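Please go over the structures that come below.
Below, subunit A partners subunit B and then partners subunit C, in two separate complexes.
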Partner chain A sequence: MNAMHPREGALVIDTVPKRCPFVLLGLKKGLLGAEAGQLVAVRTIDPQAVDDIRRYCLASALPFEGSGAVDDGVLFIYVRKSAVSAAAGSP
Partner chain B sequence: MTAYASPDQHFLLPDVQSVGTLNEGLLERVRTRFWGLDVSYQLADGRSVPRSYLDSAASTLMLQPAQQLVQTYLNHYANSHSATHISSRIASSILMWARDQILALVDAPASEYACVFAGTGATAALNKAADVFRDAHRDKEIVLISAMEHHSNDLPHRVTGLKAVHVPLAVDAQGNPGAIDLQILESLLREYSGRTAYLAITLASNVTGIVNPISEVVALAKGHGVSVLLDVAQALPHVPLSLRALESVGGVDAIAFSGHKMYAPGSPGVLIARKSLFVEREPEHLGGGIVRDVYKDGFVMIDSLPSREEAGTPNITGALALGCVADILRRIGMDVVARHENELLRILWQELSALPEVRLYGSNDLDRCPRIAIVPFNVCGLEHGLVAAILNDYHNVALRSGCFCAHPYVRELIQQDIWAMEDDSEEVVARRLGMVRVSLALYSSREDIRRLVAGVRDVIANKDAYRALYRVNEGGDFEHVSFRCDDKNMFDPTAQVTRLLKELPR
Partner chain C sequence: MKQLVNELVERGRPLAIVAGHYCVAADLAELSSTGAAEEASFVAGLDVLLASRARGARSRLTVWVNDIGIEAEPRRILKDNKRLPDNYLRIVERHGLDPSCIDLQFESSTRNKASTHVKRLSARTPDLFLRIPSDAEGLVRCIEACGVQQDASKLAYVIAGPAGEPLVVKEGPHPKCNMILATLFDDCAKAAASDTIVTVFNSIYVNRIRLGMFVAGRLLGVRASFTNLYTFDDYACSLGDVGKRHPVTQPQILA
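Entry: the complex of A and B
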């Protein structure tokens, strides 16, 4: 089961051991370096980050692609960078 | 009879007026009788101006009659717990009188509720409540906690062995959080049906002042057989509360509050709880005054409440001051107090919301989402700590900035600010996480608001100039590059003791 995370091809942004809001800010920074349409995986230990990032995606029209837990309380949260955000240079 | 705090029944409920007597004249006389209203400090620009104290959500100023009553009583001071000498009997009577006044203020029947003094504020009372509720619900596994709680009504419930589930807040069309989301509360009560020990919720937030619709909350919780613990530390000095009225929707099981937020610094925290919650419970603190007899191999506790829950010597003078405040507030009438403070809140809200560079937090519909007179804000482009420092150093406006011991709630309130942050360095972000909080009380005036708003306008107009005058110190706080408040010379305890000794007759 652990082998499923991070998903294949995802750009991993490692925010461990930070907690909110630094997880979200790490995602924002990481998205700047991602290709349009690329899947981004945020590695975090903060379960609250799932909700934070989901709400951020909703407000920013970014596709939220779910989350999954691995061992030791580590989570991966998936966001896909949209074409619009790539052109703008930020979400 | 309906209790205060339904969204559509804000501040003035005719049937709650019975809790106190209408007395606007008394309000006007009392509100100028607080210690510290005339204090002036020298500021960074050399001027000496009166202080505007707008930090009442942290601690209020002291009501002079309460201090005067304590001073008068000190001639009789002695420990309680004895009927042997007259002074001790007076002490015991005073404690009873203070409890009676406090129970009367919240309209709690003495036959049903016990008034227990605990520690120095609501924190001690809420920690005690967490233990009491856990002991009373040993067969349950969940505690529901609203998402707007002060840490003191959140953390104690997380460590008693129950699983804490936080209940989110309703959000308005602009994305501003308001009061607790009643629909989600109901769904959680259903989801954890039969497993929930109690709901811990504040009547009014210490960050935004937003008032929860407590009648609906209690009705929902009780409809699912869930007990309710209500933190009234922020609300009680400012709005009417009737536990008797709330009985019509199932009743609140306990409330907790602080005397130091209620014009009586130095007074104890208070837990008012149903007597049935204490039955067959061993208090967490043991000592004198709560035992009938002690043997080498055991002890027998007394049965009577609240003594059984108050080991050691009570804070007699603090209780007396708090009882005095409760008595005076009742004589004024809490609806009169609430009306006065609500008028000030609306002026404050209108003035601040007219400033384009000021961002206010929480739902902005004061009618549908009522709040007590607390307004948190930020100035665009400036850290909250810098704004508070400038207002203090150049305007003598005393207010607080930061997260106010409610970190998750503050993060939710400033969520959109966080989303807009470009810098993710910990130092920079940490200084942006928070807000400036204005909190009013009985003694607050339109002049206080005028001075605050003038100060905020000045901050906005001179952002760059002010920023150049401040640096961040090792503790992460903003400090003026040259101005130092000489607080030791303003009040030096050692010098004051020396002065007092010199004044003693030889």
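Entry: the complex of A and C
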């Protein structure tokens, strides 16, 4: 797997070439559109976003599912929408 | 959260409250004062302020305005007017609160002051920072929307972060958001003559707040205790308390 190909079944939110805070805003939008239990993949060029999203997930009780390998400065960050989530945009 | 607020105000000591942060730039409209999480942040901060003042404490609430990314003239007008946005004013009026106990601070001003802090600290204690080329590998930085390109000709001012990571606090002429937030916290604590800072921010800023608090203590000597609340659209809660979110769509006195 490389950064150009996210994990299968993931809802891809492309935030390239934007940076903070658009990456987290993109994730929030992605969570709104995702089904419960679905994986959301945020495509970004902002390496700091990995830690930002990991900590956001901790704060929001959302499962953080890691980040994909960097390829040409692009990476994917994975978050799963909980069945019952406390995060913004949750049902 | 009611218990948390009760604990905060029970001693009757002044609190420095930072809440209602919002962005002015058009491309950040989702984070404007009418954003659900932003308004909820203001309401939650106001709740804490009201509860504290009801106990006789001379607490202050600071609304921090992100005026970065707008033209100079609109920024000048914004700063000259120094007025809460309409939706915040309506909330204040509903509570019959004197708006003079609410301060507005502007991010552009805080940024300038943060830059001055780094220059002063660097001159006084050169060993406080590693000064290394901005394109060095492994540097941890907040990359803001206005984007500073990494450039070997620019110097990064670096300190050891909370986990020992090389944390950039200034890059070229630009202080990073951790240093800017540290400056805000320092200013607010001093303005309220308080040793307790209460922050209520949109939850997307959770990592920024963490680093801002660290830099405030490390570089500016802020020794205040922090209580941090986060808003998830119309809910506010403290970290670790996500399951007990407190709805803040209906302003109320919590204590």
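Following the convention adopted for this analysis, the second predicted complex is superposed on the first by the 81 of 91 C-alpha atoms of A that agree within 3 Å, B and C clash if a C-alpha of one lies under 4 Å from a C-alpha of the other, contacts with A are read in each partner's own complex, and residues count from 1 in each chain.
Basically, contacts are C-beta pairs under 8 Å (C-beta built on N, C-alpha and C of every residue); 3 or more make two chains touch, one makes a residue touch a chain.
As the structure is a prediction and not an experimental result, all values here were calculated from the model.
Student: Answer with first, second, both or neither: which of subunit B and subunit C does A:G26 touch in the superposed model?
Tutor: first
Student: Would you check which partner chain A:F64 touches, where first means subunit B only, second means subunit C only, and both and neither mean what they say?
Tutor: Neither partner.
Student: So, A:Y56: does it touch subunit B (first), subunit C (second), both, or neither?
Tutor: In the superposed model, A:Y56 contacts both subunit B and subunit C.
Student: In this superposition, which partner touches a larger number of subunit A residues, subunit B or subunit C?
Tutor: Of subunit B and subunit C, C contacts more residues of subunit A.
Student: According to the stated criteria, A:D46 is in contact with first (subunit B), second (subunit C), both, or neither; which is it?
Tutor: Touch partner of A:D46: subunit C, not subunit B.
Student: Identify the overlap between the subunit B-contacting and the subunit C-contacting residues of subunit A.
Tutor: Looking at subunit A, the two contact sets intersect at 20-22, 24-25, 28, 48, 52, 55-56, 59-60.
Student: Subunit C touches which residues of subunit A in the complex?
Tutor: 18-22, 24-25, 28, 46, 48, 51-52, 55-56, 58-61, 86-89
Student: Once bound in the complex, which stretches of subunit B touch subunit A?
Tutor: Residues of subunit B touching subunit A: 175, 408, 411, 415-416, 418-419, 421, 424, 426, 429, 433.
Student: Can you check the complex and tell me which residues of subunit A touch subunit B?
Tutor: Against subunit B, the touching part of subunit A is residues 20-22, 24-26, 28-29, 48, 52, 55-56, 59-60.
Student: Under the touch definition given earlier, write down the residues of subunit C that touch subunit A in their complex.
Tutor: Its residues touching subunit A are 28, 30-31, 37, 140-145, 147, 203-208, 210, 230, 232-233, 235, 237, 239, 242-243, 245.
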